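Just so it is clear, A, B and C label the chains in written order, and each chain counts residues from 1 on its own.
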Amino acid sequence: MLSYILRRLAIAIPTLILVSMFIFTLQKILPGDPALALAGEERDAAALEFIREKYKLNDPIYEQYLAWAGGALKGDLGISLRTNQPVTELIGQKLPVTIQLAVMAIIIAFIIGIPMGVLSAVKKGTVFDYIANIVALSGLSIPNFWLGIMLILLVSVNLGWLPASGYVSPFIDPLRSLETMIMPAFVLGTALAATLMRHTRSAMLGVLRADYVRTARSKGLGETVVVIKHAFRNALLPIVTMTALLFGELLAGAVLTEQIFTIPGFGKLIVDAVFTRDYAVVQGVVLCTAVGYLLINLVADIVYFLLNPRMRSVL
Amino acid sequence: MNRKFLATLLLSVAAMTGQAFAHDLRIALQSDADVLDPDQSRTFVGRIVYTSLCDKLVDITPGLKIIPQLATEWSWGDDGKTLTMKLREGVTFHDGEPFNAKAVAYNINRSKTLPESRRKSELASVDSTEVVGDYEIRFHLKQPDATLMAQLADRAGMMIAPQAAEKEGADFGANPVCSGPFKFKERVAQDRIVLTKYDNYWNADKFHFDSVTFLPIPDTTVRLANLRSGDIDMLERLAATDLAAAKADPNLKVEAATSLGYQGITINTGNGEHSKTPLGEDKRLRQALSLSIDRDALNQVVFEGAFQAGNQSISPSSPWYDNSNPVPARDVEKAKALLKEAGYDRLEIEMSVPNNPVQTQVVQVLQAMAAEANIDIKIVSKEFAKLLSDDSSGDFMASQIGWSGRVDPDGNIHAFVTCKAGLNDSGYCNPEVDKLLNAARATSDDEARKKDYDAANAILLDELPIIYLYHEKWIWAMNKKLEGFTAYPDGMIRLENVTYAD
Amino acid sequence: MTDVLDNEANDLLPARSGNRAWKKLKHNRSALLGLILVSFFIVAALAAPILPIADPAATSWSAIRKAPSAAHWLGTDEIGRDILSRMIWGARASLMAGVVSVIVATIIGVPLGLLSGYFGGWIDQVISRITDALLATPFLILAIALAAFLGPNLTNAMIAIGLSAMPKFVRLTRGQVLSVKTEDYVEGARAVGLADFSIISRYILPNVFAPVLVQATLTVATAIIAEASLSFLGLGQQPPDPSWGSMLNVAKNFLTQAPWMAWWPGAAIFLVVLGFNLLGDGLRDALDPREG
């Protein structure tokens, strides 16, 4: 087991290096001069040259990359060209926001997705199953940003029930924080709920066919007890794994959802940074999300491995 | 249920006590400010924050007259080569350090010498400063500079605390210390900037809020939705198309002022190889393009008539506007005739535009208008960062772009059309224009300056390196209870005498 | 209408096992619904030039942001163009974006997956690491950066989305190859000395086909949303040509004054994406030999 983890970690390192090199190169070949983007309306030659010197924009790409990588190894991700803030500080500010949004979205996805998945497995082939399936796919098919806009229009503008934006930290005002995050979390949650529902359904279907469920049934246990106590408990494993993976994807920040609800998380940070050519920020955030993604994948695999004896033979 | 009731009760109690004791003014900005160091910063929204945070030597009136702020009076000497200022006494910076002539000398020096400073070109005419007395400072200029006072009314004239600046160096922006009516409390990037009232401010009686919070909310619709729901008290840059809705809302009111800036089409007339196009080489084709545009209709269609049509670098409402060359009416026949005269039945041109919805809408309207005059515009939408670098390196034929505007007319024109100037993307060069615009800089006699500008204008309107289209309006929407706000053409939010009526 | 449907389906399904799968698909009501939705938009997009609709670029200063009416069934947009006409022409951009980017993803991803799975060794290592790296980079960020690099227009958006979606196809193909490689008939073919190329094309590729087809159908759905997202950020279709995403991008500024500008393109994206999802789902069931 330990050797498996070590092997996975060893593979993760070249992956991370590739990610960082890839993003770095991509940004460096983006058209548009970062110095010019940075200088704004005050762009006389001397000012531009100073910026290029200061941020080493004139050095060859590989030297710039090595300088960045050297810093990154020491935990220094550079400073934002736009605000002069250290990138690590920016990540420290945005990560909690993104995590809060991700957690709330997952909770909403759970509340909608799991009961729907269980019910639709139990009632396989019925009208309920059919409709639940289409509803779930609808959740997957609505563009996030459109749903977000429509919700703002309906809930904030027309009904005036919830604020359209204006993130507040839960440590400052929990109620208000909930109010501002509930819509974006719902927007993200609906799409996740769809995925979750479908996985729950297929996991439940597999389990419901299994012998021990049949036995439980033949013992004359009530259907509810069978479904919840015997079947669902066993179907939980793939659901948990799936949730972990979804969470990993959410860490990358729900780019457009954050954009629309003006939530100061990773997604908004990185899009703004790409457009203003604030490359240190892009670089740092992508690295951070890639690490998160790989770690969560690893953890999901380990959990799956530990809980599922059949998997052990595979390794 | 009980819990919810309790929570509501607590909240309303909190709200009531909050109103009784303190009020936080919440202002939504269109974007996040950059680094909060007046010497280093470059964004428009940054200047809005400074208006409450950092006092300047002088300020402006809505009519663009220079008035005292930290300097109480001033006089020119030595044929415009020295400027002597008397300074306000009893002013302290937010950390308690006293403000005096030495502090001014330090600030001017920092603006001119800090490697990161972006104020160097604004203060280029200043040779040195001389501390005449504790509260008297003299600027020695290399040559007379009529634009200097306007520069000192903006970031170049903002005074920061010398000790703090010395200690923090280029990192001053993380914790700025100035002498304005509000002091810096905290900042979370892309989320908020919070300032609290500075009780020892020299004019503290005129400021009625305990704190001001600036919130960047880029989406105009969302900004307005926040104002309507009461989450913010005020917003800047309401979309012109939202004006009617905001005016109709009984809880809101709206203030507006024509901006100092402009939107136009820069044409590549001499910036590298890409200037060798019919449009770049033949002014008749540029005149035809300009004549094909119905500027009033453009304003009507895209901005519901809220903005101001224009044809010069300054708006028709400015005292510097050249009235002998008013906004031309559309003349499709004349445009076609000019095209013919230049040897074209149809002309195809490429126009770059930043990829935001409003500017895209503008060029699509231009496209439809020009097509009727046999000019086919091919729209090339570019990401803003790319547009900037392409424009500056000459990789464009025509480019729809604007300028945020400056208090002194020089700031809207000199750097754009004088030979090899910093912002001269057009690559335009005409010694006659250079001569006129340089002369206008060197005298502080407004009448003589106006004559020079008018003469330069006449040439520019004929040769059209930039086709000016319209002038935006700054539109502020605010809670009806907010009283005493004055709209300024520089787009700043001055909180002096602004109160919240309960 | 049924003729169109039949042809549509025949084109989509593999020739040999086609009949059996098609029978299964026919009895899957949600898949049929998907097929109808997708066909509807494809037909509308193809028929755009011959439909009696307004010029999608024709502006009218007197009809700015007019609500749906008899003259303009879906209303007009911010410079007085007919939204119905722009929706129909925009269907071309959106469907093209979906289909072309998936083609890009498959023609790059499948061969890489084949190579990686079939040959193993260092080839596999290199391809797998690159795939991992691409998968660890957030999809939309990758697409945004690529689209910004290539310059904002529809073709580049399609390439960017295709490249971003490609690693999934590498993974899928590789996994499929690995499971087929050890089958007796493949081992046998190798034993008689058949060339690698022949083995891949004759024995392996057919087995990869079904899952790739399913994945492709589902990815078309994702790609259409991705194109809309890029257009929403100003990195897609160039004005004045319409695409649903760019229509939404403009519409968001007029939510209160002209909400219909946002309804139609949003609803269209939703329906066509739903169609592809239902269809892909149905295909998965129909092509899966394990399902009864």
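Note that contacts are C-beta pairs under 8 Å (C-beta built on N, C-alpha and C of every residue); 3 or more make two chains touch, one makes a residue touch a chain.
Small disclaimer: the values here were computed from a predicted structure and weren't measured.
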Of B-C and A-B, the pair joined by more C-beta contact pairs is A-B
Using C-alpha atoms only, the most centrally placed chain is A
Dist(centroid_CA(subunit A), centroid_CA(subunit C)) in Å evaluates to 23
For the pair subunit B and subunit C, the C-alpha centroid-to-centroid distance in angstrom is 45
Whole-angstrom distance, CA centroid of subunit A to CA centroid of subunit B, is 38
Note: subunit C residues in touch with at least two other chains are 148, 151, 252, 255-256
Listed in rising order, subunit A residues that touch 2 or more other chains are 30-31, 152, 157, 260, 275
Shared-interface residues of subunit B (touching two or more other chains) are 219, 221, 383, 386
The answer for subunit A against subunit B in the complex is residues 30-34, 36-47, 50, 54, 80, 82-85, 90, 93, 152, 156-157, 160, 163-167, 175, 260-262, 264, 268-269, 272, 275-277
Contacts from subunit A onto subunit C in the complex sit at residues 11, 14-16, 18-19, 22-23, 26-27, 29-31, 130, 133-134, 137-138, 140-143, 145-146, 149-150, 152-153, 157, 249, 252-253, 255-256, 260, 270-271, 274-275, 282, 286, 289-290, 293-294
Residue positions on subunit B within touch of subunit C in the complex are 219-221, 224, 239, 241-242, 244-245, 297, 300-302, 353, 355-358, 360-361, 363-365, 367-368, 379-383, 386
Residue set of subunit C touching subunit A in the complex reads 29-30, 33, 129-130, 132-141, 144-146, 148-149, 151, 221, 225, 228-229, 232-233, 248, 252, 255-256, 259, 262, 266, 269-271, 273-274, 277-278, 281
The answer for subunit C against subunit B in the complex is residues 59, 61, 64, 78-80, 148, 151-153, 234-235, 238-240, 249-250, 252-257
